[in-house]
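Each of the next two complexes has chain A plus one other chain: chain B in the first, chain C in the second.
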Partner chain A sequence: MEDNKPEILSDLPIDYDAGNTLKKILPWTKFISIAGIVFLGLILIILIFTSQRLSDSFKDNNPDLGNLWILSMLVGVLVVIVVFGYSLWMLLRFSILVKKALETQDQESFNKGIQSMKIYSIFIGVFAALGLISNIYNLII
Partner chain B sequence: MLENVFELSIDAESGSYLRETAKWARYFSILGFVCCAFILVMALIIPGIILRNPDFFQVQSQIQTQGMEVGLVVGSILGVAIYLYPCILLFRFSGKLLQALKTNDQSALNAAFKNLRSCYRFFGIISIIVIGIYALIFIIAMIGMAFVRR
Partner chain C sequence: MEEQNKLDNFFNISFDPKSSAGLRTVAKWSMVAAICSVCGSLLGVVLAILGKNRTEESSGLISYAFFSTANVAGSIVVLILSAAFNYFLYSFSVNTLKGLTNLDPGKLNEGLSSLKTYYKILGIIMIVAMGIVLIGFFYILIMYGTRTRN
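Then we have the complex of A and B:
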């Protein structure tokens, strides 16, 4: 089948220009991922310390809703934090592995780093779609 | 020999990862363009809805309403302008990367990485600005609390 042949003709070298550009990307991805993880950690700490108060005020405002509903809401927030944290960890992993690969010329680390960036891109794409859908839903309802 | 400084290459494995990354980046950038268009349309529609609502005039004066209207439109346009830039960079990154992987074009690969660098630099600077604003709010709040306690 002519259409099923791989698109890569041969290995594309990381030349001086591409390598240096990659080197300049890494500090920014490292900074963004660490800042994001710290931010999520802060949200988690605030949530732990204020969960009882939040739950009480929510019960006062919505007496019809049971404890299970409040618990499921808290678990939902925790799941979002964990999933978003994992995507940021992937971005951090990209910067660590590609830096290592550029320093030691290790092809395996480079591939793993690029794989981490792919996973991060997938997560961000899914998050963006969910965000857009929820915004449109809120606007309509 | 500057060209041979790095012994790494985009092999079949990393090529497949990059191709998938490029597809997601393209999808994400198109989603960003859709969001920008959506925000712009909303910015043009919502002030009209507010102006047609007679209840709103009972609470707000006409000058306040017009001020809000202008603020909403200008704010939205500014927001869209800021958000559009990384979307363009991501779109260029995905296009150049797919082209590089398809035709083994070294210059396209370099251009793709340069667009990705600009995109992450932009998000990094925005993050620094946001962290700075939060830090400023925190400092002002602390000073305010110290004055209140006195």
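Then we have the complex of A and C:
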């Protein structure tokens, strides 16, 4: 049986409305990504300066847990910061590349921008799914 | 004249097969993110309510009951906010997928318009959150300053 679903047969041109809407999206995505990266940077700086005090207080409250456990927790936080930072960098890349594409009519930059947005949205989807799984886990336990 | 040239220039780039496939993936993952976020917030409310019951059973203190009620109220506010702005993300993914499948620029524009609203709301929430963090930061600085003076 033949699949009746229409396929992408030709290009979908960006008309004035779509281009204008894209132009309005870009400042917001740029602001969100830069603010997010700055915020993550601040968390990283605070973590570096307070890591010793945090680990001491953690040791006082949980004397059974060893140094390795504390170190792995710090590494875990660092990994989360790096992953979030990378996803925000992709959002920033989207806004830079699509802005350049709209100004210079460069199809290649536009495609790269959309690819960056794709990576960002995959991260957001995975984060949201992990959040949901964590809530389900909390509900069961 | 210059404005007219600018308007015509928009036709020089398009959603070609590569960018269409990319945008399709963006729309699909956005749908996953929107649905998971709203479900997660809904579960957050359930968790807050269950937490409230547990604390009321375990202790008769008014302060515990107050904090649990505040927790439930907070999670309901989060649910309302999450549902409100994830609706636009969901609308973006549905309309964009329709637009790309049927090669319908109108639906694609509707989708992009929803994405614009989504990012606008997210940006405003971020500005408010940054304001709260800044106030908290200055409060801690002032408290630390007065403590060291004493």
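In this text, the second predicted complex is superposed on the first by the 134 of 141 C-alpha atoms of A that agree within 3 Å, B and C clash if a C-alpha of one lies under 4 Å from a C-alpha of the other, contacts with A are read in each partner's own complex, and residues count from 1 in each chain.
The rule is short, and it goes like this: contacts are C-beta pairs under 8 Å (C-beta built on N, C-alpha and C of every residue); 3 or more make two chains touch, one makes a residue touch a chain.
Being a predicted model, the structure only gives us computed values, none of them experimental.
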Which of chain B and chain C A:Q105 touches, first, second, both or neither: both
Partner chain in contact with A:S87 - chain B first, chain C second, else both or neither: neither
Which superposed partner A:S33 touches (first chain B, second chain C, both, neither): neither
Contacts of A:N138 with chain B and chain C, given as first, second, both or neither: second
Set of chain A residues, in rising order, touched by both chain B and chain C: 6, 8-19, 21-22, 24-25, 28-29, 31-32, 35, 101-102, 105, 107, 110-111, 114-115, 117-118, 121-122, 124-125, 128-129, 132, 136, 139
In the complex, chain A residues that touch chain B: 6-19, 21-22, 24-25, 28-29, 31-32, 35, 101-102, 105, 107, 110-111, 114-115, 117-118, 121-122, 124-125, 128-129, 132, 136, 139
Chain A-touching residues of chain B, taken from the complex the two chains share: 2-3, 5-15, 17-21, 24-25, 27-28, 31-32, 34-35, 38, 42, 100-104, 106, 109-110, 113-114, 116-117, 120-121, 123-124, 127, 131
Of all residues in chain A, those that touch chain C in their complex: 5-6, 8-19, 21-22, 24-25, 28-29, 31-32, 35-36, 39, 101-102, 105-107, 110-111, 114-115, 117-118, 121-122, 124-125, 127-129, 131-132, 135-136, 138-139
Contact set on chain C toward chain A in their complex: 7, 9-23, 25-26, 29-30, 32-34, 36-37, 39-40, 43-44, 46-47, 50, 99-103, 105, 108-109, 112-113, 115-116, 119-120, 122-123, 126, 130, 133
